[in-house]
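Notes for the one structure printed next.
A, B, C and D are the chain letters, set down in written order, and residue numbers restart from 1 in every chain.
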Amino acid sequence: MLKASFSNLIYVVSMILFLIGFYAVAMRPSLIKKIIGINIMETAIFLFLIGIGNKKGGASPLVVEGIEKYVNPFPQAMVLMALVVGVGTTALALILAVRLFECENGEKR
Amino acid sequence: MNQMVSMIPITAVALPFLIGIAIFFTGKNKKLMGFLSSIAALLSLALVSALYSMLVRGNMDVCCPICFGAGFTFCFRVDWLGLFFAGITSLLWVASIPYSIKYMEMKFPDSRARFFGFFTLSAATAIGVTMAGNMLTLFALYELLTIFTYPLVVHAETPAALKAGKKYLVYLLIGEMFLLFAVLSTPEFAGPRAFAKIGLISSEIGSKMLLVLFCSYIVGFGIKAAIFPFSNWLPTVSIAPTPVTGLLHAVAVVNVGVYGIMRVILNVFGIELVRSMGVGVLLVFISGATIIYGSLMALRQDDLKRRLAFSTVDYISYPILGLALLSPTALVGGLLLLVTHAFLKLSLFFCAGAIDIQTGKTKVSELSGIGRRLPFVSTCFAIGSLGLIGMPLTLGFVGKWYLWQGPMETGQPSAMGVLIAGAILCAFYLLYVVYVLFFKQSNVDFVCDLQLNWTMLFPIGAGVLMGLVFGIFPKGLLLLVNNVTMCYFGG
Amino acid sequence: MSFVLHLPVLMVAVPIAVAVLISVLLTFKRNIAFVLSVLTMIFCLISSLFLMVKVITEGSFVYYVSDWPPPWGIEIFIDRLSVYMLLLIAIVGLISIIYSELYIKKVLDHQKIPFYYMLVLFLIGSIVGFVISGDIFNMFIFFEILSLSSYSLVAISGDREALRAGFRYLVMGIVSSLFILLGLGFIYSVTGTLNFTQIALRVKELSDLTVIQTGALLLIVAFIIEAAIFPLHVWLPKAHGKAPAPVSALLSGLVIGIGVFGMIKVVYYILPGVYPVSFVVFFRGLISVGIILGAIFALFENDLKILLAQSSISQIGFAAIGVFFFSYSGLMGSMLQLLNHAFAKSALFLGAGAVIYKTGFRNLDEMKGIGKRMPITMGFFAIGLASIASIPMTCGFVSKYYLCLAAIKQGLWGSVGAILLGGFLSLLYCLRIISCIFFEKPDSKVEVKEAPLKMLLPLGVLAFLTIFFGVFPRAAFVLIEPGVKEILGFLR
Amino acid sequence: MFFQFVLLATIILLPLFGAGLVYWVSSKSAMLRNYLAASLTIVTLILTSILYCFSKGEAIVVGYPFLSFAEIRFSINPMSALLAFLTAFIWTAATLYSFTYLKSSSNQGRFYAFLLLAFSANLGVFLAGNFLTLFIFFEILGISAYPLIVHNEDKKAFKAGAKYLVMVFLGDIALLMGILLYCKVTGNIDFATGIKGTSEYIKFIIFALMGIGFGVKAGVIPFHIWLPDAHPVAPTPASALLSGVMIKVGVYGIIRSLFSIFGPEQSSIVVGSIVIWVGIITMLVAVFMALLQENAKKMLAYHSISQMGYIVLGVGCAAYLGVEGALALGGSMYHIVNHALFKSCLFLTVGAVYYRTGELNMYKLGGLVKKMPIVAFCTLVASLGISGVPLFNGYASKTLIHQALAHLGHGGWVGLVNVLFIVTCGGTIASFIKLFTLVFLGRAPKKYEKVKDASSSMLVGIMALAIMVFALGIFPGRFWTFFILPLLKHLGYTGTALSSIRTVNILTLHDIQSLVISLAVGIFIFTVGTRYGLFHLRFPRWFGVNYWFEQFALGVYFLLHEESHLIEMHTSRATREIKEMIAKKGRSTEALIEGESYVLRSLIFISKRHVKKIYLRVETYIVARANYIIKSLWSGFLAKTYRSLSASETKKEFNLYIEDLNFSIFLILFLLVLCFVSIKLIG
């Protein structure tokens, strides 16, 4: 069991991270904490995706003579895309949070 | 049976329907509005009579299927049963138009375009229901009828009317929920010309399921026919303008409910299956309870229109009882009583409306002495009442004569008891009004400033006259009713 | 006719490009935004009509962007159902944009107007992309764009309520898109591909389905959030209620429908036949509860737009429950309900918007008797209500007919009860609105006039379509009937 | 054939359309109306006498098809024609009488219209050729007599009228059922001479139903309760007709049904004895009640019942004796005619007295013989007729019935019947001695000094009837041979039975003996009664059928109309609860929705810190919602129940919304149950 967990450590960690993030999103009333939670969830998923593409002893997916074993480049590409999107969403979320804060507390720059 | 494809049935529904829509746009032009309303009614009457002649000539179904896709077919078909109901509705629709125009002019001068639009739509839909060729079409038009009558119920726009409208909808829509369930559970009835077959439902689906379906159908249609536990909506909506209460809630709408029950028992299940399931007795009990309940409640009402509405609850169960006895004689009686009720109750409601317009009195206890002031209206009311009670030489007696033979043929003493009790109570609650109208001394002297003209008196008189003429010379009507029964009982 | 093959991509690219163009132009050419958007939407409508012809005559096709086959390139998968969705999107999008010109001018600040059109075009482009994409990752990307523009549109007015609603929507939306990403990872980890057809092929060879099932569950839950189905619907009422009316129309008519379409994609295209019975029963149960609860909430609501939003929860449940019947009638009902909801609910939101535009009334209590003063607007509104209430001769009736038929055929009595009861309750709340609008005496004596033609026309078109598809449902069957049969074939 | 048809149609339709005409003319001119009514009646009288000429020999039947298996049919036969002629005769007398009597009354147009309508219906009943036609006219008659009874429009009249209508309706229903059963058993609705091939039991049921139907009209005990109320309150000509003709319709019906069902050949001893006992009880009780009356018209009304008892007794004897019963039936028919004559005459004379004096209480009148000699004389004649004194018509028929009684046998219950018969005769004699002495003999009170004899138009009717009473008394044999014997033949008695009664001696020693006994009994009752004041005896109210009828009616009335305080109280409580709930509703639903989302969120992460909070929330949520539903359900139920119990709805304001919600919840539950049941059954 323990061994299995260790061999799949990356998945276990990503799941734990995901749950932590989810907890923050669902249960914390603070908006900023929610946004942080979202980011933690995102990160957890990225980790998970990278983990999927990983091969033991694989090299980075650059075509170099003599190396037969690469890690799967596809998930990494996906993560890249998702990162971009994630940054966008986080930005929007922060903007909304700021605007909400302003609304609730008047013009208090 | 031969089949004949014709566009007349759908025209008979669609044309008045379109005219009804057109009425909404007449706005302030009252003459055009009246003209269109009458045209719609006359057109439908003409088309229905055309259908009648077609049926008489060839003894054929007149059919008109429109396929909308797999398992979703609208189809119109006319047979004797449908034509019977369509005939009643279209005839009385024509008769009620002049009355309605005058009544609305006097009583509710505002938003008449809406009223007549929905009035025409409702009547057209009510005729459409009776010409539906399968359960799906029937259901669709049935629900539309409910919806189209709602604006008529709340026409007065008072809080009480709105409340009544709410009650009306809740009751009827619940019924339609059951009905939809039942219709969908018997998809074989969504096919074209489904009603050409008798007893199409397969008894293989299990006797218990059959029972469930039967109950759903009965509840679905029965709520509209105001059967006992669900009958309270009908008196509540008597708050609507009199033409609505008269034509729709005493004739068209409740008749449609009865028609549905007849279709279910005669076509969907078939007499044989119903007999073997033994649910006829169930229906006898339900309709019996309705009769007793309706008449007891009618006895207690002081408001004339409410009294008449409860009387409708009572009376409209006779056809159902006649059907439930599963004997041809009783069915003939039931159908005859349906005609009686249609003609005479319409007149009675119109009398109530006329009295209301003339004197402003709506309570029975205030009516004393009206008989001398409004002799024509009161006499019509008296004759109408006697006709409903089943006095000889009125149509009511002919119906009673046949219906009462039903329990004797099938040997159901409880049904006989119900008939007797119903007859007595009916006499009580109607004759009391006549007594007050004619004999009771009035202390209050009231003024009749408005003069009723023939447009209002004609429909009243016509209805009563029909009741009398058919009562003395019932042969023609009997022939039609026999045609209806023969389709299902043979011979 | 080979240009038709490129149209789907253009339908994504053009709105997004125009959106970018608007944001570039906005410093010196403000007024052009509306015209550009309308032209874009007309282009979309024409393209989807071309696609429709193509699909009807030749069936579904696959298009590789820049001729790169998967797994490297982007695959676009066009079948009858996606064209059907594209048509809905184009029609409702065009109508909402035409409608929004006047409304937005009144509601929003002057500077914000070009942004509004930009966001709407982004939204439309991303929905189109979502519908046509042939692999999950593209779906995710377009879903993200879609969500981002939706959040912004909800919050665009910038007042407190809208911001709160937007933020709430944002949190739920992000969670849902992250669920998609996670589920996609699960699926990829087993199948090694993200392409629909390839996944479907490889899944059939797998012996252990646990991971796939987890992935499927995650995807479905994500779309449940997006489609606002019962336990995860909490974001919807405020978001749809507080957004500007045309936005609500788009969000309610299209975006949550897209959630259901996503479910169809997952259940039929991507991972057909991997679902244990308990899954299906569980989802059906949830959806049934949602149908009834949504209607009950709507029954007690007073704010008209929030009421309509609550009704969306119930109505979209109808569309979603058909997905889980796995039968011809069920899917037919589902697709028809999507159409019904797109047209009717959009019409309702636009109608509510027209009232707000003219009077500023939001509560039903204030709207008493308004039907007499705005008869045409409210007439169209009433037609929309009739369709939502599934009155015969509107397409709402046809869809519910098929759904109920499917449920009865399979003997799913719970679902039957939910559908019937939901239909009944919908009728009740619709009639409550009708009775309030048309029959109750008004408290105030504010002079109200008919809505302007630019608002009436879109409403009228939607009302007409609602009735048209109710009386001639065959018109829709041309696309969906073979389409549904085709995707049911995937199950085998 | 055609001629007969036209004749019949004229006889029935002339008064029918005449009724409408008279009503219309009435608003124009009273004079014209009177002439019109009189001429219509007289023309009909002439036509009926022509009709009688056709009635010899075979019955002539005309009709037109009405319903399937049933036509409206009229038949001209000796029995119908005789009764029709009698009807027309008495009607003419009463119509002529009423012109003066009703001179100052209101609603005269209505009175004459309905008088003619009832005339038409009455003729229709007698001329009917089958049960359907009979029933039709019977019911029209029943309704059209109502306006005649309530003509005075005072409280008493309405009460009597209501009672009359109720009884008539009950009777009609029984009759209709009987006819339908008859139709079912025989396959047609024609008059017959006995049903063949059915069990006695069914036949008895049919006869019982028809008997009740006709018996109500005939005033047979225990269905007589309407009669003593209705006859006195009606205007005199109407009471004369009611008592003289209209109740004969009932007896006629009993005879018709009895002979159609059993016929002479298939007589039933059981049915016969039941009818006999009904008859004798009716005779006895009614005459006993008559003796106790002060009101002259009421006394006459009770005598009508009593005389119906005679007739029914005769009919019973006929049924009992079967083929041999021709004598008894002949006596009955004879008595029908006789009673019609003398009872109408009596009512008219009493009416004349009332018209002049304004008093109906016999004890307050007196000495009028000098003031109103002709009226007094006619009263004397009619009284002698009803008392059964030789030379007056009543004697012959009573003797015939009494002779028929002797055929039943001797001893046992027959002996008792015999004794009761004689006692009843004695009672009748006593009460008419009382009537005559109290009203016409003795000293006239002061205020009646100026009383004159009745006017000529009144006297015409009275005298015509009195002459007939006398004439029939002098020539009973002629009447018997010409009128009664063909009638018996028509009813199914064959040659031998008829030939034995071709001539009947009605002055045997036995007859004179019983006459003397009954005279003695009569005088004894009168003297004892006056001496000891027994005529003022009053029984407690619960002693009569009437009392129980009224109690029952009262109970029904309270059931339907009265609101008890209890209901009021409960209703108000339910209303209050609902109102409170509605007041809370707005906030609570908001809270419910919020709470819901919270609960759902919390369910995902249950930490210890939250457990309690969540629990509280969940509990509040569930309790709130359940409470809401249950309370609204229950109070809605209560409200609905109580409201439906209480009479007027307008008083109470209920929130319909809640109520309908409850209704829908109820139906939903029903739907669910339905679903589950069907699942169970199918799965």
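Note that in this section a residue touches a chain if its C-beta (ideal position, glycine included) is under 8 Å from a C-beta of that chain, and two chains touch if they have at least 3 such contacts.
What you are looking at is a predicted structure, and each value in this text was computed from that prediction instead of being measured.
**Q** Taking the mean of each chain's Cα atoms, which chain ends up nearest the overall Cα mean?
**A** B
**Q** Counting C-beta pairs in contact, pick out the pair of chains that comes out on top.
**A** The largest set of C-beta contacts joins the chains B-D.
**Q** If you average the Cα atoms of chain B and of chain C to get two centres, how far apart are those centres in Å?
**A** About 43 Å, centre to centre.
**Q** What is the distance in Å between the mean C-alpha positions of chain B and chain D?
**A** Computed from C-alpha means, the inter-chain centre distance equals 35 Å.
**Q** Where the CA atoms of chain A average out and where those of chain B average out, how many Å apart are those spots?
**A** Taking the average C-alpha coordinate of chain A and of chain B, the gap between them is 69 Å.
**Q** Could you please state the distance in Å, as a whole number, between where the Cα atoms of chain A are centred and where those of chain D are centred?
**A** 98
**Q** Of all residues in chain D, which are in touch with two or more distinct other chains?
**A** 664, 671, 678, 682
**Q** Can you tell me which residues of chain A touch two or more of the remaining chains?
**A** none
**Q** Find every residue in chain B that makes contact with two or more other chains and list them.
**A** Counting only residues that touch two or more other chains, chain B contributes 166, 170, 174, 177, 181.
**Q** Going by the contact rule set out above, which residues of chain A touch chain C in the complex?
**A** Touch residues, chain A against chain C: 18, 22, 25, 31, 34, 38, 41-42, 45, 48-49, 52, 74-75, 78, 81-82, 85, 88-89, 92-93, 96-97, 99-100, 103-104.
**Q** Show me the residue ranges of chain C that touch chain B in the complex, using the header's touch definition.
**A** Per the touch definition, chain C meets chain B at residues 329, 372, 386, 391-393, 397-398, 401-402, 404-405, 408-409, 416, 420-421, 423-424, 427-428, 431-432, 434-435, 438-441, 472-474, 477, 481.
**Q** Could you please specify the touching residues of chain B with respect to chain C in the complex?
**A** 68-72, 111, 136, 139-141, 143-144, 147, 150-151, 154, 157, 161-162, 165-166, 169-170, 173-174, 176-177, 180-181, 184-185, 187
**Q** Taking the touch rule as given, give the residues of chain C at its contact with chain A in the complex, in rising order.
**A** So the residues of chain C touching chain A come out as 71, 137, 140-141, 144-145, 147-148, 151-152, 155, 158-160, 163-164, 166-167, 170-171, 174-175, 177-178, 181-182, 184-185, 188-189.
**Q** Considering the complex alone, what residue numbers of chain D touch chain B?
**A** 65-68, 70, 132, 135-137, 139-140, 143, 147, 150, 153, 158, 161-162, 165-166, 169-170, 173, 176-177, 180-181, 183-184, 560-561, 647-648, 656-657, 660, 663-664, 667, 671, 674, 677-678, 681-682
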